[in-house]
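Below is the structure I would like to discuss, written out as structure tokens.
For clarity, chains are labelled A, B and C in written order, and residue numbers in each chain start from 1.
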């Protein structure tokens, strides 16, 4: 894949999606997962399957309950913190590079 | 291979494996293979009141595809090394 | 590879399937896709309202795709359990 030019400046080049993830190493990222799960944490490692290791992770799980009387959808989110977490790539929907605002 | 090597370095350490059926199992990492199938010894389900299904199971083999997360011992993870390896592999592929 | 399962051969194992069922039997064989052969197997059906029901199945081949977890049962600990007294919702199925 790598042509000569790419080999000379391997770190700055962003040519494919995974390059953007490489630039997010040691930065706090946002990961949207299947089954209404979200992660925020520092990216320490990843591979081509989007398996990842993240540190100081906050996981948010959102569940929907239907109110029996009004049939309103009630969203509940539960959060928890995990110091170091391996995330299997097959559950990953999207990865967002470092956040400029918030956590 | 990065994660295979990484998990091999954690053999003998305690981890919590969270499965895609919401079961969460704590145990000692016994072995891992190239697909990241995981074998744990001396296991305990973290919520045995809700999940008494494994009370007499002491060791187990977890199929890689049902793993959602593995909670790792933070002080056993060399994050600098992980980042260096990820960077190297990212630019060489 | 899946030769990690070698140490479970001829042991009593508890298979958690992808649809949340639990099948207990003697592991007689396996292959690299985690297809399994279980002898003298039975299913343990968990229920929140009554004790565990044990359904005899006999010789079973389970396709690897449907296997979530293989647990090695400690026979002594298993015999001490009073299954009439264990009430629990069945396990969830595996959501990919």
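Assume contacts are C-beta pairs under 8 Å (C-beta built on N, C-alpha and C of every residue); 3 or more make two chains touch, one makes a residue touch a chain.
Which protein is which chain? UniProt says A = U6 snRNA-associated Sm-like protein LSm3; B = U6 snRNA-associated Sm-like protein LSm2; C = U6 snRNA-associated Sm-like protein LSm8.
The model shown is predicted, which means the values in this text are computed figures rather than measured ones.
Here B is the chain whose Cα centre lies closest to the centre of all protein Cα atoms.
Set against one another, B-C and A-C show the most C-beta pairs in contact at B-C. For the pair subunit B and subunit C, the distance between C-alpha centroids works out to 21 Å. Subunit A and subunit C, compared by their mean Cα positions, are separated by 34 Å. Subunit B has residues 20, 65 in contact with two or more other chains. Along subunit C, residues 95-96 each make contact with two or more other chains. For subunit A, the set of residues that touch two or more other chains comprises 90-91. For subunit A in complex with subunit C, the residues that touch the partner chain are 34-35, 90-91.
Residues 1-2, 4-5, 8, 14, 16, 18, 20, 22, 34, 44, 46, 64, 67-75, 77-78, 80-81, 86, 88-89, 91-96 of subunit C are the ones touching subunit B in the complex. Residues of subunit A touching subunit B in their complex: 1-2, 10-11, 18-19, 21-22, 25-26, 44-48, 51, 53, 55, 82-88, 90-91. Against subunit C, the residues of subunit B that register as touching in their complex are 19-23, 31, 33-34, 37, 39, 43, 50-63, 65-66. Touching subunit A in their complex are the following residues of subunit B: 2-3, 6-7, 20, 36, 64-65, 67-74, 77, 79, 82-83, 85-87, 89-93.
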